[in-house]
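Some structures are shown below for you to check.
Each of the next two complexes has subunit A plus one more chain, namely subunit B in the first and subunit C in the second.
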Partner chain A sequence: MRSLILSALAAMGLPLAGQAAEGTRIQVTGEIIDTWCYYSGVMGSPDAVVGSAHHTCALWCSAGGIPVGLLAEDGTVYMVLKVGEDDQTAGGDTTLKLAAHTVEADGMLYERDGLNYLVVSDVVSDLDITNQNHDDYGNVPPFSIPDPNK
Partner chain B sequence: MKKLIALLAMMASPLAAQDFSEGSEARSWNLYAEVPAKFEATVVDLLCTFTGDCPADCGAGKRQLGLLRTADDTLILPMKNSQPAFTGAAVELQPFCNQTITVDGLMIDDPELGANNVYLVQTIVPPGGDDKIKANKWTKNWAAEHPEAKGKGPWFRRDPRIKSIIAEEGYLGLGVDVDEAWIAENF
Partner chain C sequence: MIRAALTALALVAGMPAASQSPFPVDIGGPYTLLDQHGQVRTQADPEGKHQLLFFGYANCLNICSAALPLMAQVVDELAADGIDVTPVMITVAPDQDQVDTMGAPLAEIHPDFIGLTGKEDTLQAAYDAFNVEVEALFEDPEYGWIYSHGSFVHLLDGEGELLTLLPPILDVTQATKIAKGYITPQG
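Up next, the complex of A and B:
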């Protein structure tokens, strides 16, 4: 019965006194993406705002402090809050260098209000850019590569 | 006990259905999943919220921050400030670390894609204040931090870190040789 009441309170979004955030350790593989372009559709379809097609824009957004995410192979997006000892995920160097790279990550998952937050304890491997989709989508957005003829 | 559970469920319904667009003066960005949303919230450090690692300044604008909405205790992720310049919201919200403010902007609501409770902040009303502050300080802060990058064009064309990575990896991230072939074929 207690669990039913707790579930009802949780469904209401009310805080449960004394309950600390409880994470789950996970290992996940996916691409480090620019979550704003992915979620907002401002630059095109989800398939177009990942990979090599979107590499430069992903750099811009990461350097600009937009949250980076890890897009797993099953389509789940994990919002990255820390990578190793680097907690500067709003424009920091570690996430910037990983833009558009596919990584294998080990970390703690925290789920809250429909989003997945990931504290990466270890990037087990950095596979660089594996999604070479620029032949399919071009460079996204088109101005991400300056026109050499202008 | 059944009555108690039913009562709690009834209390949950109005919260779930609450409309935060009322009173919003947010400008449209013509995004397909945008919903205007104005609400009161406390600015929280997300790492602090989940892990208990809580610097007093919420990470000085370098950590991702959250907005804990007063009305329903929902944790909102502010992804974007009001500038159409590839710029996030942490720098705009950090001065209000652990304070309760009122924000106006656009919620992006696309559950099929996983976009739940993600937000673009356009304006901030500080605690006890009446005047709205535009959430557009990012580029000014960047310019102050990068006097060596002063020049024409948008910040992202001049940012030293971005330029360094593109010089090494190319615009497509696959090496400068791949870039050269691509540009020759497509421009």
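Up next, the complex of A and C:
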């Protein structure tokens, strides 16, 4: 699955080396995802590493500095480079608060190296966690919630 | 505040905040640190090689355990095509990564790995230049402090200028292909 996703990314086109940043303003709706678990496949299928099932792990990964993405309704993944006033790339409190949430984002799209980078200038609306898939998958992975008895 | 204002301006104009940056966020800049041999090293590679730069720590069990081996494999893939690239890690844990301690664990990942450490102010200058946030999360009784930190791999030219970012979620083939697009084979 990972190779399929990466192939799809690669198919979007290769870089024009040295190309300056030129963005396109877009508005997009989608879920703020944990890109590591989504692409690596180490924690389960793409359907299992999103939504409420994966919320806790997504918090851990976001806190750990792993880049977050925005999984749009059409399946496109945008690598979130920056959100609002957070002054760090791929980090900050905002991305932590939005983990697994569906948002409507307004920002600038930069296509580079076959990847979609999104600089979110405004989270127009935060729809909270709309993908309630924990009944289907449980907590993914189970160990992301520490056992208080250990 | 100035950075935020510049970024807002860049968003409105649709242009990068820094004309030299390939990204709309100003990433990259000078630093002066010490490597695992005690030698001073700046953002420029002494031999003018391209560089893969990551911020992490040698004993990190989280994203570094994926990103550092990814960098090593990309370096080997590029070397097979005659392209010499230096893998560099700037520590976010100077309490753990010191001149005489960080060399061995990095050498296990790749013999050419350069580890960089320094005093708080010189490291902070590097973090600021690359927009890397570092935060101590908690102290693991076995492994010591666990840190949160940015996790993009930066492809730099020999002078230390940013060419592009490599998200650590890429596989070796994809990351190598992207890097190659920016590097002219030597010889």
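FYI, the second predicted complex is superposed on the first by the 122 of 150 C-alpha atoms of A that agree within 3 Å, B and C clash if a C-alpha of one lies under 4 Å from a C-alpha of the other, contacts with A are read in each partner's own complex, and residues count from 1 in each chain.
Just so we're on the same page, a residue touches a chain if its C-beta (ideal position, glycine included) is under 8 Å from a C-beta of that chain, and two chains touch if they have at least 3 such contacts.
From a predicted model like this one, the values you see are computed outputs, not experimental measurements.
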Touching A:Asp113, do we find subunit B (first), subunit C (second), both, or neither? both
Is A:Thr102 touching the first partner subunit B, the second partner subunit C, both, or neither of them? neither
Check the residue A:Ser121 against both partner chains and state whether it touches subunit B (first), subunit C (second), both, or neither. second
Have a look at where A:Arg25 lands relative to subunit B and subunit C in the superposition and call it first, second, both or neither. second
Winner on subunit A touched-residue count between subunit B and subunit C: chain B
Applying the touch criterion given at the start, work out whether A:Pro46 contacts subunit B, subunit C, both or neither, answering first, second, both or neither. first
I'd like to know which partner A:Gly65 touches here: subunit B for first, subunit C for second, both or neither. both
Just to be sure I follow: which residues of subunit A are touched by subunit B in one complex and then by subunit C in the other one? 9, 14-15, 20-21, 23, 35-36, 38-40, 61, 63-67, 79, 81-82, 87-92, 108, 110, 112-115, 117, 119
Where on subunit A is subunit B touching in the complex? 1, 4-5, 8-9, 11-15, 20-21, 23, 35-36, 38-42, 46, 52-53, 55-57, 59-61, 63-67, 75-77, 79, 81-82, 87-93, 96-97, 99-100, 108, 110, 112-115, 117, 119, 128-129, 132, 134, 138-139, 144-149
Quick one: which bits of subunit A touch subunit C in the complex? Just the residue numbers, please. 2-3, 6, 9-10, 14-15, 17-25, 35-36, 38-40, 61, 63-67, 79, 81-82, 85, 87-92, 107-108, 110, 112-115, 117, 119, 121
Using the touch definition from the top, list the residues of subunit B that touch subunit A in their complex. 1, 4-5, 8-9, 11-12, 15, 29, 31-34, 46-47, 49-53, 59, 61-65, 72-77, 79-80, 85-91, 108, 110-111, 113-118, 120, 138, 156-157, 159, 161-162, 165-166, 169, 171-174, 179, 182-183, 186-187
Complex interface listing, subunit C residues touching subunit A: 3-4, 7-8, 11, 14-16, 19, 21-25, 27, 62-63, 66, 131-133, 137, 148-152, 163-164, 167-171, 173-174, 177-178, 181-182
